[in-house]
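One structure, as structure tokens, below. Some questions next.
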Amino acid sequence: MRHLDPTILVVVLGAAALSFAQPHMPGWVVYLLQIAIAASLPALGCMILLRSGLLSFGQGLYYFIGAYGVALVHAHLGISDAFLGILAGAAASILVAGLVGFFIARYRGIFFAMLTLAISMVVYGMAVKMDLFGRSDGLNVPRLSYLGFTPSRAWAQTSLFVFCVWVWAVFGIATHLYLRSRFGKLLTAIEDNETRVEYLGWSVRHAVHINTIVAAVLGSAGGALAAASARYADPSLAYWTTSGEFVFIVLIAGQANVLAPLFGSVFLETLRTYAAAFFPDEWQLVLGAVMLAIILFLPKGLGHLFALAGRALRPRRATAAPIEEDRT
Amino acid sequence: MNLALIILVDGISYAGWLFLVGIGLTLVFGVLRLVNIAHGGFYAIGAYVAAYAIGAAASYGLGAGPQLLLAFAGAVVVGGLIGFLVERTVLVRLYDHPEVLVLFATYALFLILEDVTKLVWGGASLYAFQPRNAFGTVAIGSLSYPVYDVATVVIAVLVALGTWFVLNRTRTGRCVTAVVHDREMSAAMGVNVSAIMTGTFVVGSMLGALAGAVTAPKIAVSPGIGVEVIVLAFAVVVIGGLGSIGGAVVGALVVGLARAFATHLFPDLAVFAVYAVMAVVLAIRPYGLFARPVARKI
Amino acid sequence: MTTATHRRPLAGLCAACVAAAPLLAAPAMAADSVKIGFVYFLSGAGAAYGSHARDAAALMVDALNAGEVPAPYDTVGINGVEIEPIYIDEAGGVRKQIAEYRRLVEREGVDMVLGYTSSSNCNAIAPIVEELETLTNFFHCGNPGLFEEVEPDPHYTFRSAPMGTMDQVALARYIADVYPDTKTVSGVNQDYSWGQDNWAEFTAAMDALDTGATFKNALFPSLGAGDYGSEISALASDPADITFVSFWGGDADALMLQSAARGLGDSTRFAFTLGTGVIDGLGNNVIEGTIVGARGPNSYLAKETALSSWFADAYQETYDRYPPLGAYVAAQGILAIKAAAEKAADGTGALPETDAIIAALEGLTYETVNGYPISMALHHGHQGISDTVYGTYTGWDDEANAPVIEDVKTYDAKCVNPPEGVKALDWIESGFEGASC
Amino acid sequence: MTRSRPAAPVLECRGVAKSFGGFAAANAIDLAVSEGEVVGVIGSNGAGKTTLLNIVSGHLKPTKGKVFFRGEDVTGVPSRTLARKGIARSFQVPQLFPTLSALENMMLALSLVAAPRKSILSRFDDADLATAARDALDHYGIADCADSLVSELPQGVRKLLDIAMATSAEPDLVLLDEPTSGVSSEEKSDVMQRLADRFAATGTTVVFIEHDMDIVRRYASRVVALTDGSVIADGPPEEVFAHATVADVIVGEPLPEGDA
């Protein structure tokens, strides 16, 4: 109450700045940012699961659900509303994660990773078979409308970009509040000592279950944005490499703050696009080499660079801003 | 020939291959606690080296047997060398870090190895099928199977027995088992943990390359062959229990039989079968069929 | 990369740097060249196929720029304007492909894009093509759904490659013509949309032709499965007269190899819709008696003309091998654009406006490197059709060092492609209403 | 929340037994603890003391028998539910959150077990919560260590913090597993005195396991002696210590190593 939370301030100002900057950005950059924003949400889901020490290799499942939320609401109800699409995906992912959570909430470590991977691969295996999901060819997504407002073709990209940015802002701020709440601290405490958490009157399993659902909703929101941006949804969204990418985004950027996955995601998309442009035959090699370099030389992620820079600046600012509640 | 027998034979034949593909992965996990995604890269390198060696040997007029020996030896040597380099230059710096970092390091290595094989051998397919065809076929029931495929199962059994023998009947093997059990304690007891870890990774890489070499004569060796293998190998060792040799045998049999069963009776579900079995096994036995659960501390 | 020589690892890397160099500079619009983005699979399983396509594209670009291609393509470049190629890898998933496409158009400022093999990439890119208003020719994906459902009203989107439907229908007709005693048919197809659709079209075509054939095994191994032991056992223990296969790339080679080793050729006759690709890799190890197609009348099924002979010779000379079918379709994609642009230019010496090229391309019939002209006859002139050819591989001619393909049958384009305005599968199920054979 | 019914004892175990495989860790234990009692549980290693505590605190389900808390059957009820009903527990090895500071540990305890459930989404980083946590630490005299990371704290402070967290919701029944183990002998009586003062002030019922017989003698109002999973003596300290077997087997035994 005393101070405005710096993270919230940065998110709101950043979203506003990006919204106004959009008309001055080339289309391919806009698309790249949209895809990065979309991918950062399931990565944020990975991050909040990692707060409890849980590594999910199945966030792609919710990316898939979110994307198909938009695609199927259009294909079967004829509605192309962005908000409704997001809500449909979120509702479906709450349902799925609610069920899946009963199975996975008792798993830890590599077994949590394996089971989430297996479940999402089962869904992938089904989706490539089912006409409902367009099989491996996927489904196309139309230009979206926003609560009855249908932007003209010239404004479609701007509208979608602004929508993506502010959806991220809402989910980013919500997640920030979630993580700085007592429940957020409880999640961190689970990795530290499950026994003590249980003796403090809270069920670790329920907490993990709830957190799984929250992460699922984040994943599905990202999926909806990805489908709206690419105007396409296909089963590869649930493939294990997609899920792996989300974890990697968190590794790149660290877990200090909800903004970290966004930076990680933008970095990864930029890296991929330049690697593909400069080395059409060897872009995977370049991508792999940079990944490896980050892991070897910045094991705490690129976010650690910010932390190091911040530490270097701190002595000069005697009256520092309120302490960040999220610890690295 | 009745269907059950056909499914059994197909399942076992496929299981032999799956075991060869999975054994290196499970060995490395057991000792290094590391899910090695680069395993698929070693598989591909093994296949390429073998295809190249078979071509080279054939051009010198060597027969099918020497061609294969040269191919397997070449793949194992190259795989081992690259494994050694990778462990010494990359992995060794990461053992203090969280497991997931090492996992992604191996993923990065996989991407690099993929493109390196493409740079060395180009995008077009290589072929090395002559030695497989040279051995002819054998009839099992009413169907004929290549002798080479039967031999693959034999190689898988030999590798399984060999691994078992080394781990259980030799001094080195006992050191490895000790490291698996408790790394710190083994170090305290004078086991050279670092050497054991390097050695295991090298052996794991060799086994991955060997699996590729054994497969090379059955396929068109082309880009991307390592990707599918990762997921399959993964499923096999997870079902059996990560780090358990016996588990890899059982996992290979379960997946092999499931696939053969699905192909013959529910061909639409063949792809899906592997992941479904994996999910069901994990949901019932989180640690896989064979690995012991780690005791939870209080 | 502009010199079409053998690609060596390091040479490739350097060439990549050189090709990328203009990217570092501000994207300049050079009026004295036509910038074309070429998108082929350069990594992953598709590379076994895409690498040939890129080789052919590089060869064609060099030859066109040098004015070495025979008539009717003997002008330099495209209507006298040199082609400046940019190569892009099609691997990496649809969201990456859209990013790459946007970068090609919005950053590199390409005049047109040629490429895309995967039907999911074509489906995903098509709406973006119309949005970015850049002429794009899908050189090879073959799913009828592209114009039937995804982009029913195309303007900038073209597909010079005939649909896959043609392969299935022609094969069914070929079986009815050449192997009329066929009583039973099985199928092995990769487990994704392409394989599933091909099997559906083929079985529908067999039914529509009243062949009386019944269907046995319909197997769907995963892409890149590598081992087909169970599938071969299933096929061998209950053999059908004909076994339909729509595999491509390394999977097709592996299935053929493993089937040959187990003598499956004795109990069933294979029909590979992309069979010439298997011959490319395996030569005389292909099972004799296998029915082969080439995604159109390409490769060994091409007709000898001055243009087709030039292409086969030039490819052989540059890459030391007979051109695989991927090479043919890549070359075709470029010729479609060249023919349209030169028609639109009508004698003037510059690159016409995009809309003029589009107008010329709609409904255009142009000569191709396989000797069979392609007509942009369907979907308001945006979808190509051509005659097609099937044959039966009967052995290897050591003297000519070439496969012997007998019982070669040619089917008229209008006999194996649906008429305008009718969906492919509906057309087959209607008993080929309106087909002229 | 739970209305006290004076008729029923705070804790009652009826025939509680637990076996692991073939080994009987607890054998038909009967025990009733009344409001305000401070019960010391003694016994040699493996006598079943911690098993008893694990059963009462809901960590283990008894093989046989029943546990009642204020007359309510709580057999097999999980520890988290018991914690909310008013049974708190500390551990032989302190169960803390090692990556957090002592203050944050306490804040977390307060926000989890002591605060109403609906406040879980309110801000953790809150001045009032921090003040309350500081006060709670102060009750046990460890407020000075508030800002140190748990991993940097001496063992005695850790034990106190463990107990402070367990008791943050002012429970009706406190179970302490060897509150002074690992604490240096100089600190021991200091730690026990703080605890005794604190529990006397709140009138809390306490059951504690202890190896140091001097401490038991000084602070327990009643002593229960276990051998081989059974109660062999139960009564005022002097009476129990006079019991022949207790004197021979338990008191005569030197303190286990590492406990000093």
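Things worth noting here:
In order of appearance the chains are A, B, C and D, and numbering begins at 1 in each one.
What we mean here is this: a contact is a pair of C-beta atoms (placed from the backbone, for glycine too) under 8 Å apart; a residue touches a chain by one contact, two chains touch by 3 or more.
The chain lineup, named per UniProt: A, B = Branched-chain amino acid ABC transporter permease; C = ABC transporter substrate-binding protein; D = ABC transporter ATP-binding protein.
The model shown is predicted, which means the values in this text are computed figures rather than measured ones.
Farthest chain from chain A (centres taken as the mean of C-alpha atoms): D.
If you tally contacting C-beta pairs for each pair of chains, B-C comes out on top. Averaged C-alpha coordinates put the centre of chain A at 43 Å from the centre of chain D. Centroid to centroid, with C-alpha atoms defining each point, chain C and chain D lie 76 Å apart. Look at where the CA atoms of chain A average out and do the same for chain C: the two points lie 38 Å apart.
Chain B and chain D have Cα centroids lying 52 Å from one another. Chain contacts: chain A has residues 128-129, 195, 281-282, 284 touching two or more partner chains. Under the contact definition stated at the top, the residues of chain B that touch 2 or more other chains are 114-115, 118-119, 268, 271, 298. Along chain C, residues 12-13, 42-43, 191 each make contact with two or more other chains. Within the complex formed with chain C, the residues of chain B that make contact are 1, 3, 6-7, 9-11, 13-14, 17, 114-115, 118-120, 122-125, 127, 129, 132-133, 137, 142-146, 148-149, 215, 218-225, 227-229, 259-260, 263-264, 267-268, 270-271. Per the touch definition, chain A reaches chain C in the complex via residues 26-28, 31-32, 35, 128-129, 134-138, 140, 153, 156, 226, 230-232, 234, 236, 242, 269, 272-273, 276-284.
Chain C contributes residues 12-13, 16-17, 19-20, 23, 42-43, 87-89, 92-96, 98-100, 102-103, 105-107, 119-120, 123-124, 127-128, 131-132, 143, 145, 150, 191-194, 196 to its touches with chain A in the complex.
By the touch criterion stated above, chain A contacts chain D in their complex at residues 177-178, 180-186, 188-189, 192-193, 195-203, 323, 325, 327. If you check the complex, the residues on chain A that touch chain B are 55, 103, 106-107, 110-111, 114-115, 117-119, 121-122, 124-126, 128-129, 195, 240, 244, 247-248, 251, 281-282, 284-285, 287-289, 291-292, 295-296, 299.
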